[in-house]
Amino acid sequence: MLLQHPWVELRELYAFSQVGKHASELYPALDCDMIYKSYNGETESDIYFLALPHGEALQLVPALLQAGKSVIDLSGDFRLKSVIEHEQFYQQTKSPEAVMTYGMPELFGNEIKSVKAISNPGCFATSIILGAAPLLLGSERSLKVQAINCTSTSGISGAGRSSKTELSFSEMSENVRAYKVGVHQHTPEIMQALGTSATTPSFDFTFTPMIGALVRGIYSILHIQLDKPADREEIKQLYRKFYRNAPFVRVCENMTEVKHVYRTNRCDIHIAHTGRSGSLVIVTAIDNLLKGAAGQAVQNMNIMLGIDETTGLS
Amino acid sequence: MLLQHPWVELRELYAFSQVGKHASELYPALDCDMIYKSYNGETESDIYFLALPHGEALQLVPALLQAGKSVIDLSGDFRLKSVIEHEQFYQQTKSPEAVMTYGMPELFGNEIKSVKAISNPGCFATSIILGAAPLLLGSERSLKVQAINCTSTSGISGAGRSSKTELSFSEMSENVRAYKVGVHQHTPEIMQALGTSATTPSFDFTFTPMIGALVRGIYSILHIQLDKPADREEIKQLYRKFYRNAPFVRVCENMTEVKHVYRTNRCDIHIAHTGRSGSLVIVTAIDNLLKGAAGQAVQNMNIMLGIDETTGLS
Amino acid sequence: MLLQHPWVELRELYAFSQVGKHASELYPALDCDMIYKSYNGETESDIYFLALPHGEALQLVPALLQAGKSVIDLSGDFRLKSVIEHEQFYQQTKSPEAVMTYGMPELFGNEIKSVKAISNPGCFATSIILGAAPLLLGSERSLKVQAINCTSTSGISGAGRSSKTELSFSEMSENVRAYKVGVHQHTPEIMQALGTSATTPSFDFTFTPMIGALVRGIYSILHIQLDKPADREEIKQLYRKFYRNAPFVRVCENMTEVKHVYRTNRCDIHIAHTGRSGSLVIVTAIDNLLKGAAGQAVQNMNIMLGIDETTGLS
Amino acid sequence: MLLQHPWVELRELYAFSQVGKHASELYPALDCDMIYKSYNGETESDIYFLALPHGEALQLVPALLQAGKSVIDLSGDFRLKSVIEHEQFYQQTKSPEAVMTYGMPELFGNEIKSVKAISNPGCFATSIILGAAPLLLGSERSLKVQAINCTSTSGISGAGRSSKTELSFSEMSENVRAYKVGVHQHTPEIMQALGTSATTPSFDFTFTPMIGALVRGIYSILHIQLDKPADREEIKQLYRKFYRNAPFVRVCENMTEVKHVYRTNRCDIHIAHTGRSGSLVIVTAIDNLLKGAAGQAVQNMNIMLGIDETTGLS
């Protein structure tokens, strides 16, 4: 994406284990002769994208910021304001200062414009926050969210370029598997972005992540309990209003599918059902590698640079 | 399955549109030279399996029962006691007498032993009922179910041998799609089997069915709200006790997967999470074509015949 | 592709059965509000892309050409110079004038520059012709091709947006199937483009097409019999020289894969093996919907327009 | 398969890296509480199945045979009579005595009956040998095979229970990849079984193995060059006669597919095409884990035991 972005010159690629290899050797689909280097503290570029194992960015970022560089970090290191929740969900301690602006443009676009450090949201978190935000953050909301039960199906690429047996084709073809039920590390950032916290939540939240037999995509089913029955059409208008300036969010008339957002930076949202007891079902779809990761990172960069947020993304 | 069953002689195959074709012509994987016939009211066999479009069995069954035949019907025609709910969910009227014993051996095994007509459960219904029954029907239960939010992923074979564009490989590979959110016709039979009803439910129930990029299997995530926090170990023991005589149900220590029940008549159940607010997550897996359809039908036949219920199924 | 092409304004979409529908209704992944119209002989646009059932373009094209329009036809109607072969492989008669320039830019780029009517190659044909052309058309070739035995695996999208049962997910997941062995209609255009003919071939050619469990892509294995043993390195240089000005063809050091050309207009070619008896194995990969169809059509349009042939394609 | 075989009592499971684990821990789909042990030279069982990395069986087998045990080895260690070819294709030396009866019942059934040591054929080899044998070994053959160009697509399970990145779902979904073109180690056993040798072949043989986006199955396309044109019906009769006593081989009227032999021990063969220049295309399908490995091993065991060769396999 950066290679084709009209305002970006890709200067360096850094790696740990793949140092010395050509980009096109690791990714033959890519026409790119750049060679992965070892990172030794260089600060020649203007913007640094970090996609490191959890904990590593905590070490590298301070020097980059001190050198006046812009940073977009794709790990969980700088997402949580609560060091207690960070420790609970990442099994790592960090200092209270290790927090960056949460890079979800549809919610925090104004803040993103004016900062030099962005913590890019998690993939599941993106699909769930965007599906619930209008109900919890919308200025005209009149319904109270009592509980959200969310089941999300992720493509297998969400686990990275892995060589684990349980992610092999033989294991995952014709399969579905839940994992980390109720304890996934995206839980606290979801609650934080929605204006509450995992520690003292203002509504019950239970999250079941799954991986399915697909490479890309996240499909989230939000079963939401409201304090009173809602009208489907009103909910739709609430969502449309909330996202009226969001170029990548579509509030769809028809059921959304992973296929509809494949290889796009979009988040499709469908108001699927309202029940007489106050139940509400919202379905969202994103491409986990784009709106759920690299695409959103570029969107954040665009906003930081003051250029059209869709540049290089359509 | 019937061809290999030691106590069954398969006498006739009937069909509508495929009359005159050999079984092995339609299903080359099968070594079977039988020819599909048109059904003209014959009553030479002892047991009749019906797998017809909804509404058709209502016409055929009375004559079979009058002739003293045993019937196992795989449609939804005879599942619901409430003619109102039947009309609401199937858009068809039926008489109040059009009800058969609900063929879920783990719940109604004693009744199945003594009847000649069985209504075989729906595939989604099987995976959900078995996942919730111990909490609602177990003799030693002490927790009250307040709500169940269920998301189920089905293999595409659940839609039958279809030629619909939306079920083509090109549409469904790398895809997931929800449908009939909150209004699926298996809803009332689930409520009925769990001792309540869709019309006047004793707990909130919202159900989101999905199809994923797999041929066989149903994977259900039950997000259950209890009246108070539960202990995971106690829930497990409650389930183990409830299913202690059920040869096809496994209450598993580890996360269950569709792959683990593929081409078996089993239902695997895993107690995945209990939360401090009374939330409980149950995960179940079945093969939709076996425990969710034909396998359960044979299991019912075995019980009706008074032979070991696992005969021909392992 | 045309929506994003910098030099194209998409004016109209025509259809048969889908008249009146929005493009985004049929293809929700697309952000396009255009409505499919019925074609009534309009000639307002400059260039017409035709993707019609075989035989239909034969009727429509003459009027378009007479009106001075440019035409790129994706059917087989205008590919073959031999009306006898056309009748044999398409079961249709046509007049000897119904021939257009064969739109394979790597072979016939000069001719494409100066014409107004292009017959876009078939998908299998593209992958096979590009894999064999340097041996048969290269100016410095010194080896004689005695036989080509080709096996090609196509993604299922090659069959169009189909609702056939045999292309359903349930049938094609975990499957591979050969069809039209030795009689596929791309045979004569392959022979014609390689400088010979299906009727009086200068080498034996046998072609087995297959569809596999993938949506997009064509992977062709060419088993070529030469008159004498060849050196792999020399073959590679022959290919590199032949394609030195072809921006979309890569002669790869390592084995090519469908994944490497996915969603690109490239053709990857790998010289896989040379045997002591004169055998040679060439492997090629394309995306059947791009280099095998729409991408090559746009490449042809670019050449016809005199602009860079990669415009809108990278 | 052994657990359900009526004449077998499974006594022990041995392993290297998985010692101490329950079978059902590694294979949750399996209801088997047996624990993998380390092998220390025990000889309590009657028959030993070996599925070891190449070279390991060469060490273990002599002691087992000396102890009077029957052995069925699934590696390549004992397949080749030529120690030169063994060294060339396996990069290992072995003694000329290290040869066992080649366990392909359709060709060597009589010999299998009377021996205690069987070398079970390779999966690709099985699908190719069965597809060509009637032409080369049939008593009534009148056509001379000049060349065989074979392309085989294998399911990914052929690579074992692997954790290699290139076999991950993310890499292999929507992909096809050739490998070891012209140099696969099954080449010499194919030639040997067909009555010739890789070193001094009586016909040209070139083999391109591929893996596709499926778990199980091998689909082989044999492009055969005969000395003169053949009649398709005569070829079919030649094949039918050759396999008239082979319960697992079907010579099919219609195109065979991987799906048709899925989870069976069958080999389906279809005579797909005969050309005027003497070309002949044969298509075969097997399940690589059954007829291509474990199923054929059980078939061999049955023959060695003197019981019906289909026991436990249908």
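Per-chain residue numbering starts at 1, and chain names A, B, C and D are given in the order in which the chains are listed.
Quick note on the criterion: a residue touches a chain if its C-beta (ideal position, glycine included) is under 8 Å from a C-beta of that chain, and two chains touch if they have at least 3 such contacts.
All figures in this text were calculated on a predicted structure; none of them were measured in a lab.
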- Look at interface A-C and say which pair in A-D, A-B or B-D is its repeat, using the rule that over half of the contact pairs are identical by residue number. B-D
- Note on the structure: More Cb-Cb contact pairs, comparing B-C against C-D, go to C-D
- Task: Please report how many Å separate the Cα centroid of subunit B from that of subunit C, as a whole number.
- Result: 47
- Cα-centroid distance, subunit C relative to subunit D, in whole angstrom: 37
- Task: Among the residues of subunit B, pick out those that touch two or more other chains and give their numbers.
- Result: 155, 171, 173-174, 213-215, 257, 259, 262
- Message: Applying the document's contact rule, which stretches of subunit C touch subunit A when the two form their complex?
- Response: 4, 28-29, 173-174, 252, 254, 256-257, 259-264, 314
- Task: Could you pull out which subunit C residues touch subunit D in their complex?
- Result: 147, 149, 151, 153, 155, 171, 173-179, 181-183, 204, 206, 208, 210, 212-217, 219, 221, 223, 225, 255, 257-259, 262, 272-275, 277, 279, 281, 283
- Contacts from subunit C onto subunit B in the complex sit at residues 155-157, 161-165, 167-174, 213-215
